[in-house]
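First subunit A sits with subunit B, and in the next complex the same chain sits with subunit C.
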Partner chain A sequence: MAILAYAVAATGGLAAALLGLAGVLGTAFTVRAPWLLPLGGLEVTLDPLGGFFLALIGAAAVPASIYAMGYAAGERRGVLAYNVFVASMCAVPLAANVLTFLLAWELMSLASYVLVVQSGEREAVRAAWVYALMTHAGLACLLAGMLLLGSWTGSFRFTDWYAAASPLPSWGPGLAFVLLALGFGVKAGVIPLHVWLPLAHPAAPSHVSALMSGVMIKLGVYGLMRVGLDWLGGGPAWWGVAVMLAGTVSAVVGVLYALVEHDLKRLLAFHSIENVGIILIGLGAGMLFYEAGLPALALLGFAAALYHTMNHAAFKALLFLGAGAVLHAAGTRDMERMGGLIKRMPWTAACFMVGSAAIAALPPLNGFVSEWLTFQALLQNLKIDRPEVNLVFALGIAGLALTGGLAMACFVKAFGITFLALPRSEAAARAHEAGRAMRVGMGLLALACVVLGLAPTLVVPALAKIGADVMHVPAPADVGGWLTLNVSGEFASLSTLAVAAALVTALAVPAATLALAGIGRRRRLYETWGCGRLLQTSRMEYTATAFANPFKRVFDFFYRPVTQLDIEVHPESRLFVRRIEYANPTSSIFEDWLYRPALDALHRWARRARGLQSGSANLYLTYILAALLALLVLA
Partner chain B sequence: MFHQLRVALRTGIVTEPPPAGEALSLEALGARLHEEIHRRFGRSLHIRQVDAGSCNGCELEIGGLTGPHYDLERFGLHFVASPRHADCLLVTGPVTLNMAEALRRTYAATPDPKIVIAVGDCGRDAGIFRGSYAVVGGVADVVPVHAVIPGCPPSPRALLAGLLDAIGRAR
Partner chain C sequence: MTPDFVAAVAQVAVVGAGGPLLVGLLRTLKARLVGRRGPRPWQPYADLAKFLRKEAVVSTTTSWVFRVTPYVLVATMLVAALVVPVVVSRPALAFAGNIILLMYLFMLGTFFLALAGLDAGSAFGGMGSSREVAVAALAEPTIVVAIFALALRAGTINLGGVVERFAGDPLLVANPGHLLAFAAFFIVMLAETGRLPVDNPATHLELTMIHEAMVLEYSGHYLALVEWAAGMKLFLFLTLLANLFFPWGVPAEVALVPVALGALALAGKLVVLTAALAVLETSVAKLRLFRVPELLAASFALAVLSVTSVFLVR
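== the complex of A and B ==
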């Protein structure tokens, strides 16, 4: 039963992916049903950008659904919500007017809320509550922004906005941009609107986390692309500056939080924030170049953002599926209780390794290509002759470089602590390899990571065409041949195929030489070096906490860690220690300085307002009298 | 982070000038060592230091080798953190009962070909600790030894000279 439903989702995903691909390649159509609902009715249309996101969602839904056939085969809860979730996500990029868009958007949010809450655990319920609150705050912003734009331009169709954007009041597009960007930013998990993301993603089942992290938050990015470049026809430079700064902060802060996180799925959720940041850096660069009248560079930044969107969908979905397999096998999300899984689940480990290398932007995998493209776009900022804008670009470059290094460290930790060394718990020692359906799901995504890394020369021209359609500029003629990708003529070039060939040769030639020379035959096997100790146990291993500690110290002004040492001694003498507990938790700046004060203020006002509703009928009669008098006077 | 930067900026130079006259002969010794290592080991010799029960006198002198005055890395010698990376074991102290097995395991964990050098009088024959109930004996009583650097403790110069000697003798 459940398997059938997931098969439907996989088939639907495949169909959506093909339709989206057709849209990217130039097929366009519009379906209208104005009689169905007020405010313009339902209307869907396929254009290149919408097609790109549709293809992305469909292509991610296929492996996730196949995986779910093994992961959640016996679980009937959440099957309907999953299908609704996938279908509504597919509808969002197709929506052509406000009503259709908001309906699909809200359906997507509600379906994912149901999926987050379905396990029924305390933690999941709280996560779902925060998620519902934040996503509806975002929806309120979207609603306000879209209704404002609709009433100003007199149309609720998105395509009409572009034509009508010029006669708006001067502050109009700015206000609309801020409202819509806030609304989409919540969904994309942009810092400081990210609080729901590290709670909701781990609480959902892993195939849902993969879709939420891989594609749902990308729809926030989709909205930002539409509002920043398409609907309003671009805006002043501060739009681009805001997007790029938000991206830089999200990237750096996201990876910093990920580094000290030891819950595998929460770690991945924080990396989603980081990667959305990287996408926004590219998008911000595109918007700034567009505003400065440099369409070719704008296309480069935009294409980099789209490429990273696609890549992140591939490797983050893969990593979440891998984390799900680990969770399934070891029964915990706590990395400190894992270890040694590479021997027990080699397929999962190999797939997770590919995903880790891709997200850490190691060549020749896909993460490297898109981060490289983003850097190439940023590095050409001197063509804009404005020091304050160049400064913002410099911040973006520095932030992206720091992010890359820290992401690498974080995935050395994530892979090393989870899969290597000896198992740290009984459950990890008894872990078993994931089932066939799960392995197929992960394998497809790992393959996508490799292919997207090796074929940028096929992908980038298509992405540039999408960008040209969104920005209403001609597409660049040439981005190099099949082997080498050229950026802005002679500025930079990259051939991942050559890099891959060089890497393979560098590994294969010494191995072959050694084998031929017979070195391997004089091999001596000996146990793992354990500093000469007689006994080796998992307690001697490096832990995730230990790995993260140097970073905690260097960035202590950000983490503000608190050391809690609790020692219980024998009542006779304090020299005999019975128990030592050590904790070194970090505190969140955003919770302490932004959400806590805001919530406290809200509570204070609510308490004050409670005085109005005392339960006394006499008081209520007074209110009615006062209201009546006020209305009479005003009328 | 800011604290560390502040300390680094505020603290001046804290080292003292080297003793005069010694430098020339040290350079000559170092140059020969460098040449010998280059000839026999390609480029560099990686040393794993093992404390098999030493009083840490020898360790102080060995530590002096890595300081700015002797700076043995310029001659192609490196101390490494694991016998897996080492070509040479530098063993100090009388081998105590508790460390004998660890020393054997270290020896086994070092890839072939390898050189073992016993350092100090204790390393040679357990020195003043010979015959103690807690001591097995000199290094040679536990693992094969290729060279001995005597002294209590040997000075860094003597250590360099001993290394040169040991490398010269190694096949």
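== the complex of A and C ==
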């Protein structure tokens, strides 16, 4: 039964992907039902940018649903919510007016809420509660922004805003941008609006986590692209500056949190924050170049953002599915209890390796291509002749480079501690390989990571066309041939195909030479050198905590770790230690300095307001009278 | 046999053969500086030949990652040899992705090597991996910002383009921003290639090791490949320093005489840089591990200053 439902989701995803692809290639249509509901009724339309996101959602839903056939075959709970979730996500980029958009948006949030809460565990319920709060705060911002724009421009259709935005007073679009950016920023997991993300994503079943991290948060990015460039026809430079700074902070802070996280799925969730940051760096660059009247460079930044959006969907979905397979096999998400899984789960390990290399932006895989493009956009910032903007770009460059290095370090940890060396627990030692459906789902995504890495010459022109449509500028004429991608004429060029060919040759030639010369045939298997210790156990291995410790010390101003040492000694003598407990937890700046004071203030005000509700009917009648009088005076 | 193909083979041959020689030269110079006779410069070739003949001992704990890593490492360095302007300014893969590609190629090697360090399950390997990726990650921003400073002045990010632009205009090289970028890049080179004061390549104490701890489990032909790759990495970084910051004598055209002259010029520059490195390594002590980030932060500050100077003198 469940399998059938997932098959429906996979088929629907495929159809959505094909429809979206047609939209990217230029098919456009509009379906209207104005009589159905107030405020303009329902209206859907297909345009290139909407088509791109539709294709992305559909294409990610296919492997996730196939995987779910193996992962959740016996589980009937959540099947309906899953299908509603996929369908409502597909509806969001198609929505053409405020009402349709908000309905689809809310349906998507509710369906994902149900999927997060469904396990019923304490942790999941709390995560779902935070998620519901944050997502509805975001919805309130969206609602306010869209209604303001609707009443100012006199239309609730998005396409009408572009024409009507210019006569508005200058603070109008600014206010609307802030409100909408906050609303979309919550969904995208932009720091400091990210608090729900590392809680909610790990709590959901893994195929849902894959879709939430892979595509749902991208709809926040979609909204930011629409509001930043399309609906209002671009804005002043501070919009782009805000997006780029938010992106830089999200990228660096996201990866820093991921480094000290040892719950595999939470680690991946923090990396989603990081990657949204990288996307926003590209988008912010695009917005700044657009504002400065440099459409070719604006297209480069925008195409880099779109490319990374797509790449992140591929490798993050893959990694979440891999983490799900590990969770399924070893029964834990705690990396400190894993290890050695590469021997028992070779396919999962290989797929996870591809995903790790892709997210660490290692050539020639897809993450490398989009980070490379983002770098090329950033490095040309001197064409904008404003030192303060150049400074923001320089921050973006340094932040992106640091993020790249830290992400590589983090995935050495994630792959190395999870899959290599000796198993650290009984469960990990008895782990089993994932079933066939799960392997197919992961394999498809791994293939996508490779193909997207090798085919930038095919993908980038299509993305540039989407950007040209959004920004109302002509598409770039020359981006190179099938082998080489040219960026900004002579400035830079990229050919991952050539790099891949060179790497394969450079791997094969030395290996073949050594084999032909008969070198390396003599090999002796022996245990790891242990300073003379006779037996190697998993307790001698480096742990994830130890691995991350240098980073904890270097960035201690950020992590603010607290050392908790608890030693229990024998009552007779202090020299005999019975038990030592050592913990070195880090604390979150954002929770301590932003959310806790805000929540405390809310509680204080709520407690004060309690006095109003005394239970006395006379007092309540007075309130009613006062309210009535106030209304009459105002009217 | 097109000239470009010949130039590509020449680049790979120079880097492949030059790597061990450079390591040997550095060791000889260091030994002489402290009053020892030391090994001859070509000793590393003999070492590599011996490793190749020896039987490899592989830990039973390891997986295919451990066995593949030495080949990946060598492959990344060989491909990098086709990206860096060594004896010609626009080598075969110069079009394939410039300095950003080069950085991420090195990162590909580090990624696999760090995984191999974890694979054997010994505490030393994990310790080395953890330290290596920490140093590599913190060095990353400096490389990009220093290169950005160069690209700003040269008007292109293509390595060959940078070399040609600077060679044609000596005033650009005399710029203080250029020297700041050089200093930043030099510190990063020390960190990336595991030299003093960041890492001591000659240490025998596991607890002070970074790179050596990570490759502790390697032996036989695997060790030969790892050592060869490390030599090539040193060669490539020193060549980058030599050719980006002192860009004279790097031929733009591919013909026998200019390329031979270019190789000679490169040899001269490398000898000078190696001598400087040897003096530095004999005169400073290794930094405590947690002081290394301060050094890297200083190099980052130099790189940022270099970028700022471009804005000021614009």
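Everything below uses one rule, namely that the second predicted complex is superposed on the first by the 620 of 635 C-alpha atoms of A that agree within 3 Å, B and C clash if a C-alpha of one lies under 4 Å from a C-alpha of the other, contacts with A are read in each partner's own complex, and residues count from 1 in each chain.
Operating definition for what follows: a residue touches a chain if its C-beta (ideal position, glycine included) is under 8 Å from a C-beta of that chain, and two chains touch if they have at least 3 such contacts.
Keep in mind that this is a model prediction, so the values were computed, not measured.
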{"item": "Joint occupancy of subunit A by subunit B and subunit C, clash or fit", "value": "clash"}
{"item": "Touching partner for A:Leu494 - first (subunit B), second (subunit C), both, neither", "value": "second"}
{"item": "Partner chain(s) touched by A:Val554 [first = subunit B, second = subunit C, both, neither]", "value": "both"}
{"item": "Residue contacts with subunit A in the superposition, subunit B compared against subunit C", "value": "C"}
{"item": "Contacts of A:Val412 with subunit B and subunit C, given as first, second, both or neither", "value": "second"}
{"item": "First, second, both or neither for A:Arg524, with subunit B first and subunit C second", "value": "both"}
{"item": "Touching partner for A:Trp35 - first (subunit B), second (subunit C), both, neither", "value": "neither"}
{"item": "Contacts of A:Pro387 with subunit B and subunit C, given as first, second, both or neither", "value": "second"}
{"item": "Partner chain(s) touched by A:Gly532 [first = subunit B, second = subunit C, both, neither]", "value": "first"}
{"item": "Subunit C clash site on subunit B (candidates 26-34, 98-106, 116-124 or 152-160)", "value": "26-34"}
{"item": "Residues of subunit A contacting subunit B in one complex and subunit C in the other", "value": "524, 526, 529, 553-554"}
{"item": "Residue ranges of subunit A in contact with subunit C within the complex", "value": "339-340, 342-343, 353, 357, 360-363, 368, 371-372, 375-376, 379, 382, 387, 390, 394, 397-402, 404-406, 408-409, 411-412, 415-417, 419-422, 484, 490-496, 498-499, 502-503, 506-507, 510-511, 514, 519-520, 522-530, 536, 538, 540-542, 546-551, 553-554"}
{"item": "Subunit A to subunit B touching residues, read off their complex", "value": "524, 526, 529, 531-534, 553-557"}
{"item": "Interface residues, subunit B side, partner subunit A - complex", "value": "1-2, 82-84, 99, 101-103, 105-106, 108-109, 111-112"}
{"item": "Of subunit C, residues touching subunit A in the complex", "value": "52-53, 55-61, 63-65, 71-72, 74-76, 78-79, 82, 93, 95-98, 100-101, 104-105, 107-108, 110-111, 114-115, 118-123, 125-127, 129-131, 133-134, 136-141, 143-145, 148, 151-152, 156-158, 161, 216-217, 220-222, 225, 289-290, 293, 300, 304, 307, 311"}
